[in-house]
Amino acid sequence: MTLNFAILGAGRIGQVHARAVAGTPGARLVAIADPVAAAAEVVKAAYGCDIRSIDAILASKDVDAVVICTPTDTHADLIERFVKAGKAVFCEKPVDLSLARVAACLKVVKAEKGTLMVGFNRRFDPDFMAVKAAIDAGQIGAVEMVTITSRDPGAPPHDYITRSGGIFRDMTIHDFDMARWLLGEEVETVQAAASVLTDPKIGELGDYDSVNVILRTASGRQAIITNSRRAAYGYDQRIEVLGSSGMVAAQNHGEHRMTFADKSGFHDAPLLNFFMTRYIAAYANEIAAFVGAVQHGTATPTTGEDGLMALALAEAALKSVAEGRSVKLSEVM
Amino acid sequence: MTLNFAILGAGRIGQVHARAVAGTPGARLVAIADPVAAAAEVVKAAYGCDIRSIDAILASKDVDAVVICTPTDTHADLIERFVKAGKAVFCEKPVDLSLARVAACLKVVKAEKGTLMVGFNRRFDPDFMAVKAAIDAGQIGAVEMVTITSRDPGAPPHDYITRSGGIFRDMTIHDFDMARWLLGEEVETVQAAASVLTDPKIGELGDYDSVNVILRTASGRQAIITNSRRAAYGYDQRIEVLGSSGMVAAQNHGEHRMTFADKSGFHDAPLLNFFMTRYIAAYANEIAAFVGAVQHGTATPTTGEDGLMALALAEAALKSVAEGRSVKLSEVM
Amino acid sequence: MTLNFAILGAGRIGQVHARAVAGTPGARLVAIADPVAAAAEVVKAAYGCDIRSIDAILASKDVDAVVICTPTDTHADLIERFVKAGKAVFCEKPVDLSLARVAACLKVVKAEKGTLMVGFNRRFDPDFMAVKAAIDAGQIGAVEMVTITSRDPGAPPHDYITRSGGIFRDMTIHDFDMARWLLGEEVETVQAAASVLTDPKIGELGDYDSVNVILRTASGRQAIITNSRRAAYGYDQRIEVLGSSGMVAAQNHGEHRMTFADKSGFHDAPLLNFFMTRYIAAYANEIAAFVGAVQHGTATPTTGEDGLMALALAEAALKSVAEGRSVKLSEVM
Amino acid sequence: MTLNFAILGAGRIGQVHARAVAGTPGARLVAIADPVAAAAEVVKAAYGCDIRSIDAILASKDVDAVVICTPTDTHADLIERFVKAGKAVFCEKPVDLSLARVAACLKVVKAEKGTLMVGFNRRFDPDFMAVKAAIDAGQIGAVEMVTITSRDPGAPPHDYITRSGGIFRDMTIHDFDMARWLLGEEVETVQAAASVLTDPKIGELGDYDSVNVILRTASGRQAIITNSRRAAYGYDQRIEVLGSSGMVAAQNHGEHRMTFADKSGFHDAPLLNFFMTRYIAAYANEIAAFVGAVQHGTATPTTGEDGLMALALAEAALKSVAEGRSVKLSEVM
């Protein structure tokens, strides 16, 4: 049975998901919605789908599932409306910037026995999946220390920063999810440090651009996350997990694998520039996993609860920076 | 203007090209032909094209271009028929196992002012293109020595070997083309050594599985090619070019970039297993280049003459092995 | 002028320094002292020096400089005695486990206008020196984030742990010094997390085996240090510095550079097993730098104050773990 | 029992061996001989040995072994004289440029039951030893193809070229020895191509600077050697061996392991510049192996016969270039 999709929002991430849906066996892109007509036209032209309003999609009999790529402050409402309409919902993170609103939304999803998958694309990256598989296969023994390096090539526009909830909620949130996934145990305490080093305007907007976080579980496992909004050499995405009998790590991806050598040494390409190219395979695998879960009636591999937990970690990190102390996750939930 | 394609032959390489055509902007897959109905059905199911006979395709007004993926001994005839019918032709290497037949075919193409591109997919690999671009940009100065390592993960079926013309004509032919492309000067002499090391049956069939070749141009530039039909660790595809002021090289591609370390050391993935996965991007770029050349009426980046030259080098290598001496290319053309 | 050395203490690190002194042009190993006769004999046999008592060395006219490799609790006294005797002193870190005792000792050195170099060998590692040189040359712009990964292959004997002052004072102390050196600005606040994951006995002894630390300077530069007493794959020693326009990193050293590939993938050697082999060149450079400073009457590249600062950072880290909060360095000094 | 050495010749390679002897447990450097007094003084100053004439060394009771580092045309005579005097002899390759003279010399050594080790330092490089050990342990199954890349950073002085016997006899000779060692079977046929690409004067002197060689054994194993007198990026020394079930390779050594990344990509150090730094460990291991063989009365790991065989391969390669054909080794021996 083919799963018919509509995508809500034809911006950058909407286009990423449109390509993923169009390329997934068993999935079909039926409609795109966006208040900006030109954006919707781009998707229509590329994949031959209809342009419809959100309300029309809600009422569409030929739409089984939606991918929500609209601005964050619309996510929770849309999830509730579409779940109530019986559509399977894939929503980009975060569900909302407010933990309480997220919790309320998840309650509705649960009451409706709805299907909600929250987009944490990195869990579907082939290298990171290989890391996780090695851990699950016992290759490194017991997990002890997780190290996540995540640096964007450059900061987003200033107006995005004012809407995004800040670096912990829009950028580190991915790393919080990765840390939970890799630690295999919930985080108990959060310690964070934050600075403004790349652009003073970011500070004026009340945000940070350079942060480090230490997460600790009840049994003493730890994760460190290091983030920067700027890396001259490209989109730096590395994970490393130390265990009792070994270590696994995922390396970066360069633009190509050509090496040039001269009297000054050996030269390799900079890293793939950003998430649209770095995580092409991850986005494709993510949608395929959603399709599979819906078709087989199984649990989605990432859930609304995962979205809630990652957001709570962001909240705790902010509190740790503000109060200069280690914060228990239980303090914010 | 969209270019409408038919693919002749729905075997392994036909399916590779069907995927490439289907994914190329400006190209549309209209029809597939194959005497084996089940094979044609696979392509039809995947890309929603018609199944037609070769004769029907020849007569189809809605077909602008064909990709010839049939057995080698049909290539030259099909090229001539389709060129005469006014279709643009992309043909898998080699045009024929006989140099004379190739030359005759190219004469027909020329007389008809037809468009013929011969498939040397590696020229379109992003890493190899980066190597070539670095050379053309003068980054390594004058080209001096080319080293090509090309090893298949395993030998083809025995019956393929009897039809393929042997290792120099079906495998090394790609490396001969790469060498010509990278040397930037035609080869003058060929020296080759050949052995049967992986499977005695290959020897009984009159072929070799392990060969080394030295090519030398008039100005003294040299290329060495090392081939094996077997590499336990995957599909080994490396090129390296030494110049007067530097070196460029293209590295292999592993199955993933996850590294596992334990007390025995560090462990990385084996190489991508074969050409269908290793050269996905190359096949896509190759078809896109063909589409571009046809649409803009420009020369195709690889030509029938390239096919002829690579085949002549294979001929010279065979002669070198047989006679234990350095063979001039002019001896076989 | 040749500088004549005596080494106090013929244990593991004493032997490392004996080899370094013996191999340094301009230096000569005159005497070794150790209460364990057999240990002293080993050094005598290898380098042909005298065995003398510490008191005899103190009185030796033919000894210009001493390298103190005795147990930590004797360091401060020996420094004071030898400085007063007019000998140049190289002392292994730490000067003492008590910050007050260190400060008092440094006061004596200053009053005597003595020469004291404290051993932070990593500053003299060729790779780390290249990292520092790249930073100093402005290659990465302004320093923003330092990442130090330091993992021992295995924990020291339990009785060493009871004497060493614990992981922050005996192991992380090296990383604290590296962080100060690379940040180029003094640390203001320290946040640390600590666990016992590799051996419960370590916890019973009041120590930790797995720690992460975040250091932050007044201008917002940050360093993270990740330590473990156990790494199955060898002695893991990496540093990485992110700057405004680039990044520099020093890679690990394997036992050899042979790669083996088979159907399971590519396999490289584990890391050099421990500091005696990993830092051979660093120890040699360190002694050479000491010899140069003494011969030219210049400042030693590492000083008693460096020892004091690194110890204060350890103190602050311990306090951070105990109190679950960010600790200002000024609180402990 | 300590083995007392004299070194004949205090040039570049003589100094390399002086350092190796001085640093080898069980060896002692007693004397140096060189007609150039200043050169001998350098060694004397560095290692505290005597300066003696060759005749004096021949008569010295306190000299057990000599290392011959004099010009090539003196090697055979010196070997014969010192073997007759009962000294163990280590001689730099080649024994002589004439195969007949080498054979005659080896006959004398045999008649005198003398000890002669010919210097093929690369067999003692730790990485190459690891490659050989992996082969001998059966890790790659049956050896099939050996690939040796050997490029000097720059050509030697023109007058050296006139005396050295040319690139095959002074440079490729090392690779011929490596190929024999790694193939595990004697070479039957040699094919070679040679060019002058880096400096026309080299051609005027009758030599080449860029060569490729294919070696083939009776069972069909093959080795390819690629040489250049110039590599802008340093001293390029790689070996790779393909076997029936895997592959082993030894990587190059950079000047350091610091990586710098910026918007143009990742940058690593050039290779160690030349054999004195690249093969420090190999030269030390080589002398240690000689000392061990003499002390235990066992066979030296490399012999006069190894020198003879490598020279014969050079002879065959020259003949192959001159006659444009595959040459049997039996034709030149």
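All chains are identified by letter, namely A, B, C and D, in their written order; residue positions are counted from 1 within each chain.
Here, a contact is a pair of C-beta atoms (placed from the backbone, for glycine too) under 8 Å apart; a residue touches a chain by one contact, two chains touch by 3 or more.
For clarity, every value in this text was computed on a predicted model and none was experimentally measured.
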Maximum centroid distance from chain C, chain identifier (CA atoms): B
Which of A-D and B-D has more C-beta pairs touching across its chains: B-D
For chain A paired with chain D, centre-to-centre distance based on mean C-alpha positions, whole Å: 57
Inter-chain centre distance, chain B versus chain D - centres from mean C-alpha coordinates, in Å: 41
Per-residue overlap in chain B, given as positions that touch at least 2 other chains: 232-233, 245-247, 261-263, 269
Chain B contact footprint on chain D (complex, rising order): 141-142, 144-145, 147, 149, 151, 189, 191, 193, 195-198, 210, 212, 214, 216, 220-222, 224, 226, 228, 230-233, 236, 242, 244-247, 324-326
Complex contact set, residues of chain C against chain D: 126-127, 130-131, 134, 139-140, 245-253, 256-263, 269
Of chain D, residues touching chain A in the complex: 232-233, 254, 261-270
